[in-house]
Each structure stands twice: as structure tokens, then as C-alpha cells.
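Both of the next two complexes hold chain A, though its partner changes from chain B to chain C.
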Partner chain A sequence: MRRSRIKKYTLAVFGIILAIFWISPFYLVLDNSFKTKKELFTSTIGLPKKIQLGNYRQAAVDLGLGESFVNTILITALSILIIIIFSSMSAYALQRVKRKTSTFLFIFFTAAMLIPFQAVMIPLVAEFGKVKMLNIPGLIFMYLGFGCSLGIFLYHGALKGIPQSLDDAARIDGCGRFRTFWLIVFPMLKPTTVTIIVLDIMWIWNDYLLPSLVVNKQGMRTLQLMIFYFFGQYTRQWHLALAGLTIAILPVLIFYFLVQKQIVKGIISGAVKQ
Partner chain B sequence: MNIRKRSLNGGAWYWTFLTPSFVALMIVVLIPFIIGIYYSLTTWDAVNPYSFIGFKNFTNLLHDKLFWNSLLFTAKFALVFVFLINLLGLGLAMLVTRAIPFKNFMRTSFYLPNLIGGLILGFIWNFIFIDVFSTIGDALGISGLKVWLSTTNTGFWGMVIITAWQMAGYVMVIYIAYIESVPVDLIEASQIDGANSWQQFRKITFPLIFPAFTISLFITLSNAFKIFDQNLSLTKGAPGNTTQMITLNIYQTAYSEKQMAYGQAKAVVMFLIIATISILQVYFSKKREVEQ
Partner chain C sequence: MASVKMKNVYKRYDGGVTAVSDFNLDIEHREFLILVGPSGCGKTTLLRMVAGLEDITEGEIYIDDKLVNDVQPKDRDIAMVFQNYALYPHMSVFDNMAFGLKLRKIPKEEIKKRVQEAAKILDIDHLLDRRPKALSGGQRQRVALGRAIVRDPKVFLMDEPLSNLDAKLRVQMRTEISKLHQKLNTTFLYVTHDQTEAMTMGTRIVVMKDGYIQQVDTPQALYERPSNMFVAGFMGSPQMNFISAKVEKRGDEIHLTFGKDDIKLPEGKAKKLEMSDYIGKEVILGIRPENIHDEALFLESMPESIVEARIELVELLGSETLLYMVVDNVDFIARVNPRTKAKTGDIMKVAFDPNKIHLFDKDTERTIIN
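Take a look at the complex of A and B:
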């Protein structure tokens, strides 16, 4: 028994060292974001002598932090809202109505997940450009198109576990389809809704390529786009660049620590989907 | 009865519920996909009038050295990436599923990089490879550490390190789910019978978590071909486009060189690769289900 205790603690020590090593890049970013330009080059690994909050002030101004933050939150929140509303409704129709059209459409929706973004990117952006939809509403609509497949797939699976008799009871009591779904069925899908929200926040908040092609204009840029430009400007001014990166990372980290359990659940249901 | 029957067949509500997602999917994914296949057979550049040229873009691809180079680079990357990340993911999962102190801290740390976008991670590692590595190189007198990202080879390994670091946590989570579903009594029974940890792993855990391999192998394989952000922010193809992945090659062709139809032909090839991987995955999972 003693040998296994020693083994247990050896493993734990090894794991802790590995974990610290694993997150050390974040330490390096945070640490150096508080240094002066000169100090950053002379002592990259040590702690800053004096905390330079000025780096953050400068980075926030250059990132257009207020505007890009608002844009990112707006795009993420609205996209997820419509993905949730429309994919849950579609999944409900496809799961409850048993007919060939439903089977066919369900396969159609899920098969679309196989198409990689690059295969539609060039024509998609060109067509939206023609109808002057390369703007925030256009981008949100695109996220609905790309996001509804996974939403429908996950809701469809969850709906199988909610008995049809529940709908029937509501219908006999005089509820219409719309009210039956939103008042009775949808609240019971809450775990799936949370999963989809978590997965889509991580996708849309971090997305660079699609916004770079759609909303790359004054006043519409997201945080990721600003980071990209910011970096082009400051490749030799790491103290400012690293402060900018810290600002961009922080919201995601806070979000992670708030909903850690759901994230893990979300990844598993998202991964096993295929 | 009448209500029930009508609702089973679906009335007007059926289409009302379906239309918004269906329209979005058609406009955003399906129609561009089909138009894209057509464009790949033309001289389309999104501005000027264009004409149909059959498979000329595809035959041109055969002689496109840069494209082949990026395809080869991506394939080589995929091979190393898939192997390394599954090994890492499984190793980490086995570590954090043991009854050891601080395992939640470990899980959190290993998963952390996966939350952050590829673009930002690429910039972070840009800093580490260039500045931190050269500081370490100076201190230790290893000149090899000072040229990271400036050669094709270090660029390649730079891409492998950053993506493996980012996604190992994701693969770990998949393996954890399977390892934790292994019944405890099986493990206990084997301990009573005197099995050591390696025997336990080989004879009990490994066969039971085998489905996790299929899932994570294919997810990581198709991810390897889709990686873009990290490539853009870490090496941007440098030096001289030798570390360009296929997605970046498509992007450059379409948007820097403005050869939209040609870029689309490359995108069609990429679709075929991803589709093949997915079909193989379905085939192998189905085959295993039948065997069981």
C-alpha cells in the first residue's frame, strides 16, 4: 500500500509540473505585458520591476476597444440567439413529424456539416457582396447558416427523450403548436441549449476568417480583426502587443471559469456527434 | 384523432418551423457550394465577364508547384499532428483520471489553450519562438534556438507545437469521457486477480475506449486539413511560402492574386479530401458496430 502512495504522489508532482509548464505561455504574455519595451528584451522571463499599466491604456486605445468589443458581443449574442430559436424549432418539426420529408431534411442538414468553410467561402462572400450584405446583419445570417446544422442535430437527439404525450396533453388543452413548443417543450431542452450556447460562443467569439471577409470595414470590426491589425502595427513593440493580447484573452478565460462544467459537456456532445 | 393525424403529417406549422434554418442553410452553404463547383470550371474573378473552360483549372493545378507544396506540407503536418495529439491526449487523459490530488487543476490547465482563438495563439507563440527562444538561446549558447520560424523546418515544427498544445486538451476531454465510462468493478476485479497497471490498460481500458480512437483520429485528421488562423498568424507561409497550409494557399490565390475561380478549384479539391476522410470515418464506425 505504501508503494502505491508514493507512486500516487510522484504522478501528482509530475502532473502539476506539466500543467504549470503547459500554461507557462500565458504567464509569459501576462508578465511581459507589464514591462517597458527595454526591460522586455533584457529580462524576458523575470517579473516586471515596475508595473506598466500605460501599456494597457495604449493598447485599449489602439484596439478601438470600446467599439470592437461592442461589435463582437453584438454579433456573438445575436447569432447565437437566432441559431437557438430557429434550429430548435426545425429540430422539433423534424423529430415530431414522422414522414419521409423529415428523414430527408434531417440528413440534408447534417450532411451539410461535412462541407468545409473554404469550399463555400469564395462564392459566398462574392454573392453577399453583390447584394450589399457584407455587413453585421449579413454576418449574423451567415452564422445562422453555418451553425444551424449542429444545433438541429443536437436538439433532434435531445427531443427523442421528451415524450410526445406531453405535446399531446398541451394540444388537448388548446395550445397551438407554437405555444406548445415554446412553453412546454423548449424549457425541457435547456441542457442542450446551454451546450449550444457554449460551443457557439467559443466558435464565434474566436472566429477570424469569416469576419475578416465580411465586416472588415471602419466601425464594424470585431476584436479578432483589431488584434490582427494591431499586430501588423506593433510587431517590434511587444509590450503593447502583449497587453492587447491579454485584453483579448481575458473575457474568454472569465467565461471558462464561470461555465467550466458545461464546456466539457458541450465538447463531448459536439465531438461524438460524428 | 383528427388533430393527432394532421399533426403527424405536419400542417402549415411544419414548414413555418423549418423554413428559417432551411433558407439560411441554402443561401449560406448549399447554393454557394454548388455555384462554387460551377465557378471552378470557369475563368470567374468576381469582377469581369467570365467563360466556361471545363477542367482547365484542375489540369493547371497539376503543374502548380506552390499548391503541391502546400498540399504536401499539410499532409506531412496532418500525419505528425494526428499521431502526436492522440498520444498526448490519451496520455493526459490517463494522468488526470487517476485518483491523484490536484487533478482538476491539471484538467483545467491542459484544456485552457483550446479556448482561445487560433489567431491569438499564433501571435502568442510568435512572441515565444522569436523573443523568448532567443533569450534562452543566448543564455544557453544554443544558436539553433535563435532562428525559430525563419526556416521551413522550424516553421513546420512551430506549427506542430502550437496546434498540438492547443488541441491536446480537446482530445483529452474525449478520452476522459470514455475512460470514465469504463466500469469500476471490472478494474477492481482485475486488481484482485493481480493485474498490474499496464495489463489493466491493455486488457480492459484499451479495448473499452477503442471507439474514442476512431472518433478522435478522424476529428483531428479533418481538423489538420482545416487549420488556417494559426498558420496565418504564426508563419504566414514564410519563409517563401514553404510553410503554407492548403487553406492559406486557397486564401492567397483567391484574395491576394485575385484568381477566384482557380482558388475555388483548389477549394473543391480540399472538399474532396475532407469528404473522403468523413466517408472513411462513417465506414469504419459502421463496420465496428456490425462486428460488435
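Take a look at the complex of A and C:
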């Protein structure tokens, strides 16, 4: 009895330490985004003496918030939409058509996850440049390519848990393959879809490297690219950068808290008999 | 009218496996036809071919004299009930039942009317707003039936619809499906591996093995006059007892001998056997458990068909008792009156009802005499 209580407290202490580690970056970003530039360097950990909301105003102006925010949303939303459409339909075909080629293609798709992005980025951008597919359309197209592997992998696993007899029932009810998928199978993949949406939002929304290589037009820059402009060669406007970061993090955080239940469901779906 | 005709139907898979071979069958309007056989005998494949879910390798399938080989499942005017119900989990019971009708662009009012009618027949009208997840196994099965009923199809196809239910519910649903057949007055094609279901529900039964039809007949005829050893063994529970015996002719009499036991065949059967050339040869003797008796009255009246048995186990079932026994090193089961005095370990005399003896060819396993 006593031993189990000690164990419980030890675990709690570890948990708290871990939570502090975890939360501290968020705290630092949020805390310092309300300070003046000078205060930021003299008291980095302490709370701000006076909340500088002006930082946010200035950051919004410097970021070109309206434009970059819209660009980021557009890129993220469109990329995820087509990743979902393409990867769910491909996974459905690969899982339901039982041929050797299906297995081969599936392995091919999933193996692509192992290729590090950095290994292909230079030739990729060069080739896309040649066919004039840079900026937002090119970016979305590239995200589709990079995002489909994980999408297909997750959907393929989830589809195994959806009995073939549902497809059969839908066919007898009058559905063709297309409608069977969209009206019957796809709604059942909801937990997986949410998981993919969350993972991809965190990836695409926060991505800096790929947009920095692909986007070269002024009006097409994303939030993450704009934040980088706070770090000039001679001046580093930390207070504005941190305010900008807070603006950039917030939508993802809110979304994550809203759907976290679904994510867990998606990850454990199929693990136990319902 | 809804008849189903199958002509020389074959199903071969890419790997060279033949699931159904040379299948010929005429199913008449309003028939409740049961396809029964062990797993892997091709019965489900055949049902799926009728449904249009599986391509036909060779042969022709007609529904109402219309060749349907290349007709899409939705255009065949059939409805199917699946083993695992196959309800759409994200739709309510009402939407599950209405889905097929909506796709056929039937007016909303009509859909509502039909769903409510079907729900009433199946006693699920209070569940229409629920999702399948919130239903019990039996209720889900009713919804699956309801989904088939609302379509008002020419032919109902059922693929082991009761095998996911517990024993009690299965018996209850069995009678309900039979009643439904009488009420709807359409053709039912029902697949099962459970011979009890087959015997109790079907107007005709097709026994299949390895993709071939073994016998097509009414339940009674299948039970009493099986065409071969497989059918004899498959239909009936506990199954028919088999033992190898030699046919001997002694004067006018025909005897079957096995070990130190000897059974005299009644005149009618003896005459039939005499005409064949089995005299002096080995055959397989088959006798159903209920035709082995241990009561004194039977032993007295059948003195020429008594054998000695060692009782291995006595199983009381309430209305009857099963005796697991050994006769000449072969296991037998007898179904006797529960008042039997037999005890485990007893060596006792039992009588085979000679009129109920079946004889099978040892090589071909075909029936010689029923």
C-alpha cells in the first residue's frame, strides 16, 4: 500500500518535471512576446512589467498578416484536401483490389516515407522550376507528393478493418465504386482522416524549408517565411518575432485541442474488437 | 414470378482453384431453397454469383428467364442479407433501410411509407432513429432483413444470416425468417453450413461439397433417402453411424456381417440387394442414431439385428439420451429414451432397426439401398 503510494508520487513528480520541460518553450514565446526589446534581454524568464500589445500590432503589420495568413491557410487547406482525396482513394483501390501489383504499389508508396526530404529537395525544386511550377501551385503539388505516403499507409490500415461486405451491400443497394467509397467507406474512415488532417496541418502550417525554396514571389509568402524577416543580418527583433510566432502557433494549437480526442481514436482504431 | 435458373455454372479463381463446378439448378417461384455444405464447398461463391458480386467463369444464370451474367447487382432486382449484417454504421436504422431506395430516386413519401411498413413487420419501428452501434445482435439482423424487404426484390439472397447470433436468438430468428417467407411470398436463396437450419427452413435443399451438387431434394427426402454417404453423414445431428460390413447370402436370406455381429436384412431390402452384384462384397452400413434401440421390446421384436456394444459415455439431454458406444471397434452414437438404464462402461445389447439401414458402395460411396 505504502509502496504503491510512493510510486504514485514519484510518477507525479516526474510528470510535473516533464510538463515544465514541455511547457517552457510556449511560456518563453508567449511571455517575451509582451515585452519590450530591452526587457526581453534583461529579464527573459520573468513576467512582463507592462504588457506590450503594440508588439502584436507591429508584428501583424510587418508580417503582412492579412496576405501571409491567407496564403498559409490556402496552402495548408488545399494541400490537405487533395492529400485526403488522393490518398484515401488510392488506399481504397490498393486495399480492395487484391493483386500482386497492389501489394507492390503499396510497398512503393510506403517506402517513399523513408526518403529524407533534404535528399530530394534541390533536384525537385530545379525540375519544378524548369516546368514553371513554382510558388503556391507547385508547393501544393509537392505537399501532395510528400504527404500521400503517410496518408496511404494510414488509410490502408484503417480500410482493413472495414468489412468487404459493406462494399457488397452498397453495390447491391445501387452504388458504383465511386459512390460506394464516398458515401459508405469514406465516412467510416473519419478518425483516420482527422488524424491525417492534424498531422498534416502541423507539418504544412509550420513548414519553412520547402516554401523558402519554392516561393519566390512577393505576395505568395507564408507566415513562417515572413517571420524569418524579423531576423535581419544586423538586427534581430526578438520581441516582434515572438509576437509573430504566437500568432502563427495559435490556430494550430486551437485546432489541436478541438480534435485531440479524434486523434487518439484514429491511432487506436482497429486495435480492439468493437 | 421470380425463378432462378443456373446452367452449367463454373467459378474458377486465378490461382487455379475451382470453387463451383458444373452447377445446374432450377429454383422455382416462391421456393425457399437452401444451399448447405461444409465451409469451402462453394455455396457462398454461388450465392455471390447470383447476386452479381462475383463474376461467372462459365455458364449462365437466369433470373426470371433473363440472362443476368453481365447485369450489375443493382439491376438484378435482388436483395442480400449478409452474415455480419453489413449495416452502414454512420447511418441511422431508417437511413440504412432507405439508402437503396434513395439511390433509386424513389419519392421521399414512398420511401418513408415502405420503411415504416417493413419496420412494422420486423418489429423495429421504435428503433428507426438509432445507429446500428446502439442495437443488439438480433435487432441488427432485423434491420438487415428490413433493408432487404423495403426493396421488394424478386429474390432474397441470404448468406448465413444467423451464424453471428447466439443459440437462443438463432432459433427465434429461424422461425421469423420462415414466417417472413410465407408473408412475402417470394423466392429465397439461403446459404448455411448448419444442417438444422437447412432442415427446418427450406422447401428444398441443395447439399454441396467441393463445388459439386451432391443432392437436391426436400428436407424429408434428403434425410430418409440420401444419395451418398456424404449427404447421409451431413444431414442429421448427431450424424449417421457408419461401419464396414460384408454382404452374405445364406439360402434366401441376406446377412450383413461385421466383426462377430450379424444382421439379417428384411425381405424388401434383401431383394433389392440380391439384384445387384454386391453379394460377397464389402459395403458400408449406415444407421441413424434414433434407429438404434436398447429397449427390451425392440430387442425382442428384432432378434436378428442385435449387436453388442460397450457404452463409453451417457449424455442426458432431457428429452432424449445419447449413448456414445463402441461396436466392433467403431464409434457409434444412439439416441434413446431418457429412461434408459445404460451406464458408462456397460456392455449391452442394442438392436439396429433393419428397415432403416442404409447401404453404401465402399468405393464410390454412392447409396445402394436406402
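Convention: the second predicted complex is superposed on the first by the 224 of 274 C-alpha atoms of A that agree within 3 Å, B and C clash if a C-alpha of one lies under 4 Å from a C-alpha of the other, contacts with A are read in each partner's own complex, and residues count from 1 in each chain.
We take it that a contact is a pair of C-beta atoms (placed from the backbone, for glycine too) under 8 Å apart; a residue touches a chain by one contact, two chains touch by 3 or more.
Every value quoted in this text rests on a predicted model; they were computed, and no experiment measured them.
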Touched partner set for A:Met188, first chain B, second chain C, both or neither: second
Which of chain B and chain C A:Ile152 touches, first, second, both or neither: first
Contacts of A:Gly174 with chain B and chain C, given as first, second, both or neither: second
When both partners are placed on the shared chain, which of chain B and chain C touches more of chain A: B
Which of chain B and chain C A:Ser165 touches, first, second, both or neither: second
Touching both chain C and chain B, counted on chain A across the two superposed complexes: 168, 171
Complex interface listing, chain B residues touching chain A: 3-4, 7-10, 13-14, 17-18, 20-22, 24-25, 27-33, 35-36, 39, 46, 95-96, 98-103, 105-106, 108-113, 115-120, 123-125, 127-128, 131-132, 135, 165, 170, 173-174, 177, 215-216, 218-219, 222, 225-226, 228-229, 232-233, 247, 250-251, 254-255, 260, 263-264, 267-268, 270-271, 274-275, 278, 281
Chain B-touching residues of chain A, taken from the complex the two chains share: 8-9, 11-12, 14-16, 18-20, 22-23, 25-26, 28-29, 32, 40-41, 44-45, 82, 86-87, 89-90, 92-94, 96-99, 101-102, 105, 109, 112, 114-124, 126-127, 129, 141-142, 144-146, 148-149, 151-152, 168, 171, 176-178, 181, 202, 205-209, 213, 224, 227-228, 231, 238, 241-242, 245, 248-249, 252-253, 255-256, 260, 263-264, 267-268, 271-272, 274
Parts of chain C lying in touch with chain A, wherever the complex brings them together: 48, 51-53, 72-74, 78-80, 82-84, 86-90, 99-100, 103-104, 147
Complex contact set, residues of chain A against chain C: 163, 165-166, 168-175, 179, 184, 187-188, 190
